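Okay, so chain A shows up in both of these, paired with chain B first and chain C after.
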Partner chain A sequence: MEILIYGTINSIALALMALGFALVYGISRIPNFAHGAIYVVAGFITWTFLKVVGLGYFLSALIAILVTGILGALIYRFMLIRVRGMAISEIIASYAIGLAILEGLRWGGFKGMTYTLPVFIAGSVTLGGVPVDIHRLLLIGIGVAVIALLWLFTHYTRIGLALRGMAQDERAALMLGIDSDRMALLATAFGSMLAGLAAIVLLPLGNIVVEAGYNVLILAIAVCIVGGLGSWMGAVLAAFLIGFAQILTVVYLGSHYQMVVALLAIIFTLIMRPSGLFGRQKELEERV
Partner chain B sequence: MRKAFVLVAPVVLFIFLFTVVPCALSQKPIIIGAPLSTAFLYGWDAERGIKLAVEEINAQGGVNVGGKKFPFKVEVIDTRDLEPGVPVSDALMAVEKLILEKKADFLIGGPVRSEAALAAMDLLGKYKRVSILTTGVLTPRYHARVEKEYDKLKYCFRIHGEAGQLVKEIMACFKEIQEKFNLNKVFIMVQDVAHARGGGEILGKVAAKQGWTIDGTEVYPTGTTDFSMGLLKAKKAGSQILNIWMDMPESSILLKQWYELQIPALPFGSTLAAAEQPGFWKATEGKGEYTLCNVVNAGNAPSEATEWTMKFYDAYTKKWNIEPEGLGSSSSYMAVYTLKDAIERAGSIDSGKVVDALEKTDMMGVYGRIRFNPKNHQVIPALDPKEGAVGTILQWQAGKRVVVFPKSIAMGEIKLPPWMKH
Partner chain C sequence: MLDAKGLMVFYENMLALNNVNILCKENQIVGVFGANSAGKSTLMYTLSGIMEDIKKKEEMAGGERITVSGKIQYKGIDITKLRPSERARRGLILCPERRRIFKESSVLENLRIGGYLASPAQANKTLDYVFKLFPALVKLKKRVGGFLSGGEQQMLAIGRALMAQPKLLLLDEPLLGLSPLMQAILIRATKVIRDEQQISILVTEQYARPVLPIVDHAFILENGAAVMEGSRDELLNNPDVRGAYFGV
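On to the complex of A and B.
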């Protein structure tokens, strides 16, 4: 029972971490290596508005999500747009931005374990004899809602359809009057907002530290590679695969090997099926 | 006129060269290089301790070397060795930079991570630089290497407690807990770094020999943020004490999760950086109450171990606007005074002479009597501050860090969380 409960929680957490990265890559083909940094920034913004300014939790979180969206858009508009299409330059530029943000935060004094967000609802319940804190149960609900809303957004809204069109064939989308740069900018903004949302949901379980940016990036990359780069549904499925594999590893081998699961998953996927377990490289509609 | 100038100029030059220049040189400070992982508790607490001591010593006129006074100057460099991945090579470069570029005469502080400190020993031997470790490094291999390779590594000293001593103190404290609350089952949770793995292993063996049941050991990579499965394992096994060896800030998450899941086991940190800090209460929103942790030496939490303890505690709090936070605070402060004492007795900053003087150190400090074992250069520990360097185990009670062990300096009694009381 504990494997089922904590495996699901871990999988949803991984999916939340990776969705933004998968969305940006799926549409703009830019691997946003600043994803982890944006995640951490969202945590610190929420903390600032909640603990320093004194706003309510919901309002602080909303501001953080909006600000991270704007940050993502600015990163694309002023930096990534210039290197778009040059794969190595995209990686170097986005990684450098992420590095600058994270190390800038560290330099600015955002270090230590005192930056924390409260859980949405305190307390725990026992499910099938397994104690689970309520925040983790909420995490499952929020994660499922985000995945469902993302699906609805990309299938039933004008912008969502335009994003999918661009993901399927950028040239064809251009011929149909879709502004590819605008869509890529929107994708980066949405991806960043998803990173922000993930931070707000996941960080109350721990604390806000700069190092989380690097960890989240590694996990997001692992999930996206296993799922198939660009396919966000693949990312969700991969999150479940890695999430359950991690929990099984902890239960039967020990916590020491938990991180190895994600790294081994990257290596095996790249050797056995470089396009990802659930990615269909030639069926482009799968990307979004 | 020209003739007078020709006569006077050499005289002026002579006076300048032999009086003004040496006078200026006499003001040349003694440079203390501090290789520390400054983004982490065990780095910044040590930096603050060192700087406080240097400021106090300089305010009193500096260090008397053969009748002349020299000020101390601190050069801090970030070794980053506490980061996930433990970048030992970065730490070694930092140490070498301090010696070669910053011209450090002595090193105080780190490297902080045992792996990096062990690797840096050869550099210290190569450059013949006296180093006093003050924070983080708990591995017994450090002083064992000094003893084994004395001629090469005699420049390496450690002024704070090490894992073996910590285990002895913890076992003595365990005995008190056993007698008072009738607990005898332990679950060990360690971070995947040398000192923690070593400490956890030693404690497991010693505790088992003393009749404790060891329910399991869980090893966590640095940077882990989810401990729920390990906590559930402990609960399932019926463990009554969680023995934690972690210096990563994420260890505060463990305590939050322990509270949220109401695990009926008393958290006992051997090195538990998060719980050492005054900010722990705020960081866990009070959920870390009842956590016990070993802060290695007295002075890192309020107590009356010696006359100097609270003087240091108050001076640190006044200077940095925060109480001494981690295990490196009092030892780093004390290392500077110990070095001053050794230099003054040696009458020189020559490494060999200072090593000899340090070996003969015998002074009353913030955490008791400071003496080094002359064979391995480890500070001599004791449970009584009159005999040696005394340790400290504290417990979080109602928002305060209360020293509960050893009895000679205790300020309160150990308590159990309400969900453990039967």
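On to the complex of A and C.
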């Protein structure tokens, strides 16, 4: 029971961290290595508005998500747009932006244990004999809602459908009037907003530290590689796979090995099935 | 409708289009015939602006240097410098060679994605029209694009292009690799689209025979140059054309 509950919580947390990365990569084929930095920025913005400016929690969170969206758009518009299509340059540029942001924050004094966000609702309940705090339950609800909304958005709205068209064949989408640069900008903004949202939901469970940026990036990459780069539903399923594997490891081997699971998952996936669990596109291409 | 003058396209030093002039009047179906590598697709990419995207991607990847020159007038304005999405917005829609349908999306979704430029009302109306034009697609609505046959994919590709509300439809080799029966269906549909929707159509093909009956005017491309042009009857009665493009 404990494994089931905490496995689900951990899986949803991983899915939240990875969805933004998967979205940006799926649409614009840019691996956004600044993803972790954006995550941490969202945490510090929320903290600033909550603790320094003194706005309400909800409002601070909203501002943080909006700012990260704009930040993502700016990063695309002024930096990534010039290297799009050059895979190595995309990685170097986005990783450099991430490093600059994270180390800039560290230099600016955002370090140590002082920066924490409160949980949304304090208290805990007992589920099947296992104590779970309400914030973690909310996390499940928010995660499921985000996944459902993202699915509805990409299947039923004009922009969402255009994004999926572009993800499948950018040039064919261009022929239908779908401007790829504008869509990639939107995708980067949405992806950054998802990173921001993930930060606001997940950071109250710990401290806001610069190192979280690197961890989130590694976890997001692990989830996306296992799920098949560019496949959003693959990312969600991979999040559950890695999420439960981590919890099982914690229970049977000790929490020390938790991070190793994600890293091993990357290595084994790349050896055994390089296109990930859901590298579906390739199979279809061969058929036609 | 469309008046392209002096189109030249170089891939590095290879001349792909050599001083080509293409004219398509309002409500006409115009054919462009030529063998493989005569420059048909290059012409279509240049007119639709996709060449700009190809050029950009090649530059990014350090590939071929592509040079384009000439002038393209569409509905009386110069669109030579317009971006492809801007041209599409003005009703210049390319239905590409080899169809390029979205393989992971269902038939209905492919059409919905095609309706990006349309208002919701226009999109619904065109959707009904596409299913009326190609009744075979109705029962395939839910099927994933990658699992359609070549003919079904081509119907879908044309339907998807119609969803983008074209005024001038560029059809690049719509009959490629299809059975004579399917070719006949598509040719009939092409004419119906022009007659019912008042959409002008520029169609390329390798073989003139199946398409010639519906065209008003046609050009013949050879090695990147337009070597001959004329009305349907002029081409039908020209012995050179008969020999080269009808296999008579």
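Throughout what follows, the second predicted complex is superposed on the first by the 281 of 288 C-alpha atoms of A that agree within 3 Å, B and C clash if a C-alpha of one lies under 4 Å from a C-alpha of the other, contacts with A are read in each partner's own complex, and residues count from 1 in each chain.
Rule of thumb we're sticking to: a contact is a pair of C-beta atoms (placed from the backbone, for glycine too) under 8 Å apart; a residue touches a chain by one contact, two chains touch by 3 or more.
These figures come from a predicted structure and were not determined experimentally.
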item	value
Fit-or-clash call for chain B and chain C when the two complexes are aligned on chain A	fit
From chain A, separation angle of chain B and chain C (C-alpha centres, steps of 10 degrees)	150
Touching partner for A:119 - first (chain B), second (chain C), both, neither	first
Which of chain B and chain C A:95 touches, first, second, both or neither	neither
If touched residues of chain A are counted for chain B and for chain C, the larger one	B
Which of chain B and chain C A:206 touches, first, second, both or neither	first
Contacts of A:131 with chain B and chain C, given as first, second, both or neither	first
Which of chain B and chain C A:247 touches, first, second, both or neither	first
Partner chain(s) touched by A:57 [first = chain B, second = chain C, both, neither]	neither
Touched partner set for A:151, first chain B, second chain C, both or neither	neither
Closest approach of chain C to chain B (Cα atoms, Å)	36
Chain A residues touching chain C - in the complex, by the definition given at the top	83-86, 155, 158, 161-162, 164-165, 168-169, 171-180, 182, 280-281, 284-285, 287-288
Residue ranges of chain C in contact with chain A within the complex	48, 50, 53-54, 56-57, 60-61, 83-85, 88-89, 93-96, 100-105, 109, 112-117, 144, 146-147, 153, 160-161, 163-164
In the complex, chain A residues that touch chain B	2, 6, 10, 106, 111-116, 118-119, 122-124, 130-133, 135-136, 205-207, 209-212, 214-215, 247, 250-251, 254-256, 258-259
List of chain B residues in touch with chain A within their complex	39-41, 83-84, 192, 218-221, 223-230, 232-233, 235, 249-253, 256-257, 260-262, 273-274, 277, 279-280, 282-285
